[in-house]
Amino acid sequence: MSLFNLFGRPSFNHGIHPPSNKTVTGKTPIRRLPFPGMLVIPLNQHIGKPAIPIVRKGDEVVRGQPVAKADGFVSVPIHAPATGRIKGIELMPTALGKNAPSILLEVYEGATQEVLWGEEQTIGDMSDEALRQAIQDSGMVGLGGAAFPSHVKLTIPEDKSVDTLVVNGCECEPYLSCDHRMMLEHPRALMRGIRYAMRATGTQQAVIGIEDNKMDAVETLRANLPRDGSISVEAVETKYPQGSEKMLIKSLLGREVPAGGIPSEIGVVVNNVGTLAALGQLLPKGEGLIERVITVAGPGVKQPGNYLVPLGTPIGFVLDQVGYEGSQTEFILGGPMMGPAVSALDTPVTKGTSGLLVLNEPDIESETLRIWPCIRCARCVDACPMHLNPSHLGQLAAKRKYETMAEEFHLNDCFECGSCSYVCPSNIPLVQYFRIAKAINREQAA
Amino acid sequence: MNYESLSFIFLNAVLANNFVLALFLGLCPFLGVSGKLNTAVPMGLATMFVMLVSSVCAYGINIVLVGLDIEFLRLIAYIVVIASAVQLVEMTLKKFSPGLFRALGIFLPLITTNCAILGLALFQTFKEYDFLQSLVYALGAGTGFILAIMLMAGLREKLELSNLPSVTQGAAVSLMLGGLLSLSFMGFAGLGGQ
Amino acid sequence: MSVAEEQLQQPATPAGPMIRTLMGVAMLSGLLVVLTFHFTKPYIDENQRRAIEAALFQVVPGAVTRRDFMVTEKGIFPATEKKQPGDMRFYAGYDDKGNLLGIAANTRAQGYANLIHLLYGYDPVCQCIRGIKVLKLAETPGLGDKIITDPVFVANFEALDVRLAEDGKALANEIVTVKHGSKQNSWEIDAISGATISSKAVGKALNESAKVLLPMLVPHLEAIVTIIDEQVTGGEANNM
Amino acid sequence: MKKSKSQIELRTTPHTHAAGDVVKIMRNVVYALLPIAGFAIWQFGLSALALLITVTLSCLLTERFFNWMGSGYNSLGDWSATITGILLALTLPPAFPLWMGAVAGIAAIALGKALFGGLGMNVLNPALVGRAFVQAAFPVAITTWTPAFFDGRFSQFAPSTLALPFLRPPSVDHWIELLQVDAFSGATPLALYKFEGIQTDTVELLTGMTTGSAGETSALLILVCGLYLAFRRMLDWRIPLTVMGGVALTSALLSLFDPERAPDTVFMLFSGGLMLGAWFMASDMVGSPVTPLGILIYGLLIGSLTVVIRVYGGLTEGVMYAILLGNAATPLIEQITQPRVFGQRASK
Amino acid sequence: MARKQNNTITWDTFSEGLWRENPVFAMLLGMCPVLAVTNSAINALAMGVATTFVLLASGILISLLRRQIPKQVRIATYIVIIATFVTIVDYSIQAISLDLYNALGAFIQLIVVNCMILGRAEAYASKNRPLKAFVNALGMGAGFTFALLCLGVVREVLGAGKLFGFDLFGPQFEPWVVMVLPAGGFIVLGAWLLLFEWFKQRKALSESEAVVEAR
């Protein structure tokens, strides 16, 4: 561990301190938004193979009923977020900018919208195998952003063993506070979820890591810890990207995930608090994942807060409900550091959407500034949590030396956190360069 | 500091009277082979190596020349003997240490006809250095050459990533860099002078 | 550049013509060089003699002829062709009547850029240095070369005191270079401001040579006060 | 409800950015240099003022000329040429002839910067390239010092200041005599130390009551201005710190191995151009490494070279050459100090 | 290298060394003497003439012997021949003027390793008739001398205020000492190259513009 850890909260080296902008949303309880007239449900809301639709145009579905089934192990089913009629399966815009096949669901206006699917199940009676199957059936994916199918992560291969479950409650992105509210409002569901995950992975201990700007969440969870001491809560330094799993593991356990590797190689599994809380709520009832909490915030939003929305709600609908303003505006799905900007207001909220930001002119002005040559100020080097040399990578990228970047300067270890671009006084779009470089390298290799 | 002490001879040849930057010797490889560090370094090492060989040769031949009183043949003798010695070393190297040969070998023939080598041999004769002094002088001159060519190569690699104006691309910028390096090395002038 | 490489890669071919040509060329070049050497030698010798004498006559004012000597612990001997380790060479300057006017010796010290080589003239009568001549320097033009051109600095050597101490084994006062404008004694050298290093080098060179040469030389000086013909060797001063 | 697409901004991540850009950094460096320049003017009077103006103008005009020759883009707005000009003027003797100052400015920008493609592309510190050039070109003028705080410094120029272009500046000796400044030795504290063995009082060094280059005399003021920049994160505090550490370390080592010539650490730190060099010139990020270990090596190298040149070299002052050599070694240093990538070797 | 065995001597035979294949400005050969001895115009001239002499003499001799010298030992032979003529020059200069000899230092002897001479021997003299080799060597020598003078004149005028030893600007002139120092050598040659490159690019530009206009 670094020397600094002796003096402050546990943390990793480098990283940045952007203003957090969470004070408003972090204090307002989660509220439910009304149902929109139409839901857009992409078949590919997770990493892995898209789900296979099991409904047809004109079918009636009830809330909670599966509408698509998993296509193999690395895939999850999708459940209807509302009672209504299938309008069709069409190509619709998604957060990634590309159009993708999505189920269009017309919501019945007068319906009670009760969940009418699923049977209660007793987790304690299940075999480990059955538990993991139940997790897959719930359609659960990582709600922290990556949307990786949870049952895959929780299935530890025979030849590996995992000793610690790290529960990621950092929420290091500015503006976002949905995890924070989940921890405050559903601590018991979270504890349940943690125990399920521990069982599924066979770990004996779990650590919840929370940034120290959310001490109220730390207190709440500590009050709800089980007696046996298998779960603990640890406050870590508030620093972006503390929530990145590699950084959090380093902060909490002092272990480094090998370059190009995954946490299970060093005996760790990481899950987001939102994911486990949702698991804790859904599994006993045998229900599927049909809604999630998103943070709607940003200077352009009139009523910022955390809202529980059915999956598939177009962001335009959300914005109409909370009200927004501004002429020149940028919409971002997720946080300002890593979330993609979207161009179409009918883009839906999906399982991986953790927030919706509306940034107005004054906030984005700085980005329209001139790009200067790299003045080698070393800020990016001191910011990069992966200890890369973004300055040199950027200069190589400008000269199109993409192969050198990958072969000699570890381009592929960059996880595009954006810390380097954030601090660069020359406004060099480093992350964008690196994305392009990776893409071109991938093309060359193919 | 005693200017015949070994440490003075060494440091003086490395810094204050650097062969390349102060005495203008060995400029062709300095300008020609300094584009990339991974060729500049072996070139530097090979040069130092040949310097040591020729220093020893020159010391030996000079004794013979002086003994026979045919010093007017010095130039011809030096160049011929150094060239053959390098060839010999090269062949021996090829036979007994192919790895080393591959690293340095391609540079050896280039170096034989390089004025830093002959210059070293002549200077050590003019300065009337004894055997050990000559050897240290060669070591210093070689180290100075490596230092200069490495600095140059590093700078030129860095410049590859910058946006040089169209007119400065090519030899001109190398010369200017050489000039700036030479200006910087003037800081060592007078080292040990008092 | 591949010439030498090619040479290396060539197969061993009949050695006959090769050796013949090489021998031929070697003979030819040997002949040319020897011819040149013989043709130019007198001129070169003459040039060198003139250079040495010009320098000598400058630091030993009034001298018109010179003799070369070497001095060891045992005494003064005519200079031989080959330099022996441990002997010190010097030139003696005589007037037209053959009386010794002074002697001159080489010395050097590290200056600002490189070694400064000097010839200095010693006057046995006043036991002082009467003049210096810079033979070779690489100092900064306009700064370090003031040791040649600066009249105030040159004036230091009109009579620089190098008396021997009572026991005759060392200088009574070591020669020192002092900061510009603070010269007080006749054995001090007033430095050039802005070129202190070069000035100090001159002082150091003189001091180091004088303190070794003079204690050996002075006791035997009698032997060479006038020209004795056997001493004439015409030895070449190839050590300049 | 729908917005027309043209109004929606699409950008790549990250969507926020830390406050401050290159221009702001540069402008702040200029602010930090102004007190030092002001002190130089107060100390040395009209000559220093004229020198500052001339050198800065010469840098700006040269920069503009190369703008015009090249891209046509006006780069005066980024303030970097202004910094070069002010810093260069601050490192010159206050009575340096103005025409030589102009030559220094031209050399700084032309040889040090424009040749390599302008801002951020240069390999050596432009201001120091300019100074090294005139140091080698006009060695006498650049070692001619004039007294500080003499009466009438605001009403008269030193005679050398106004020398005609290409002509030798008149000697200032007579002028200094007429000024009747007591105790003016015509030597900087370092020269006094090196050639006379006289060590100037530390308080005098800190407050700038000595002779020397226009802007190098008050160590304290430079320290304060440098710290201002460091705390505003406009310069990398590690560089000045390691440079000073290098000086202290080398002095300490020398006192072990060569006690006769061992310099006094405090004196080494506060005399000559070290403070200005460490805080404002070694710290120019363009010529310094970006890697943490590289910065450490770079700083220590500059610090130790400074002491070695000061103690053993032919010159009284080594900071300029030490920094230039540090700049020259930067690419090599960076090559061997690429950071260890996270997870590259699993830690214990 | 594969020069055609063409025996006609044209203006080009002579002039290519002057400009197009100027050993210094175009081919960057023999850099050490170029930079080292050009701190005054007279040194530059002397060095140029000495090098030209060696170039001519060795060129003729090698051309004469070109059919006799076996391929295997040609480089060794060339070196011996060149070294012979350098020794001759060396002694001749000593005989003419000791001052000049001292000013040029070891660089006269270092003509031996000037790669321009060996290069010409290999690429030209060994493949052409003596007269043609002579004319070409004369051109190369002239080009070399011209380049040395370009440097020597600038460096002496700025660095000492003189030209061929004659005071140009009177005693009040302040010389730019840097010009006669090593750094000045690099910078002046760099500046000449920049200037030539600039002219070349301007010419290329105006030519391409002319082509556009002609259309």
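In this document, chain identifiers A, B, C, D and E correspond to the written order of the chains, with residue numbering beginning at 1 in each.
Heads up, the rule we're going with is that contacts are C-beta pairs under 8 Å (C-beta built on N, C-alpha and C of every residue); 3 or more make two chains touch, one makes a residue touch a chain.
Chain labels with UniProt names: B = Electron transport complex subunit A.
Every value quoted in this text rests on a predicted model; they were computed, and no experiment measured them.
> Could you tell me which chains are in contact with subunit C and with subunit D alike?
B, E
> Can you give me the shortest step count from subunit A to subunit B, moving only between touching chains?
Minimum number of steps from subunit A to subunit B: 1.
> Tell me the fewest steps from subunit A to subunit C, where a step is a jump to a chain it touches.
Counted as steps through touching chains, the separation is 2.
> Using only alpha carbons, which chain's centroid is the nearest to the whole structure's centroid?
Minimum centroid-to-centroid distance belongs to D.
> As a test of whether you follow the contact definition, which chain pair has the most C-beta contact pairs?
A-D
> Farthest chain from subunit D, comparing Cα centres?
Max centre-to-centre separation from subunit D belongs to A.
> If you average the CA coordinates per chain, which chain's centre is most distant from that of subunit C?
A
> Which integer distance in Å separates the CA centroid of subunit A from that of subunit D?
49
> From the C-alpha centre of subunit B to that of subunit C, how far is it in Å?
Computed from C-alpha means, the inter-chain centre distance equals 29 Å.
> Calculate how many whole Å lie between the centre of subunit A and the centre of subunit E, each centre taken as the average of the chain's C-alpha atoms.
Here the centre of subunit E sits 70 Å away from the centre of subunit A.
> Quick one: subunit B and subunit D, Cα centre-to-centre, how many Å?
Spacing between the chain centres: roughly 33 Å.
> Touching at least two other chains at once: which residues of subunit D meet that condition?
Only 111, 118, 120-121, 133, 136, 139, 314 qualify.
> Note the residues in subunit B that touch 2 or more other chains, in rising order.
Residue numbers touching two or more other chains: 1, 72-73, 76, 113, 162-163, 168, 173, 176, 179-180, 183, 186, 189-190, 192-194.
> So which stretches of subunit C touch two or more other chains?
Touching at least two other chains: 1, 3-4, 7, 29, 33, 36-37, 112, 140, 142-143, 197.
> Tell me, which pairs of chains are in touch?
A-B, A-D, B-C, B-D, B-E, C-D, C-E, D-E
> Which residues of subunit B touch subunit D in the complex?
Its residues touching subunit D are 1, 37, 150-151, 154-155, 157-159, 162-165, 168, 173, 176-177, 179-181, 183-194.
> Could you pull out which subunit D residues touch subunit C in their complex?
Those in contact with subunit C are residues 139-140, 143-144, 186, 195-196, 314.
> Mind listing the subunit C positions that touch subunit E in their complex?
Residues of subunit C touching subunit E: 1, 3-4, 7, 10, 13, 17-18, 21-22, 24-26, 28-29, 32-33, 36-37, 40, 43-44, 47-48, 51, 136, 140-143.
> Show which residues of subunit B lie in contact with subunit C when the two form their complex.
Subunit B residues touching subunit C: 1, 3, 8, 16-17, 72-73, 76, 87, 90-91, 106, 108-110, 112-113, 189-190, 192-194.
> Which of the residues in subunit D come into contact with subunit B in the complex?
Counting only subunit D, the residues touching subunit B are 70, 111-112, 114-118, 120-121, 123-124, 129, 132-133, 135-136, 305, 309, 312-315, 318, 320-322, 324-325, 328-332, 335.
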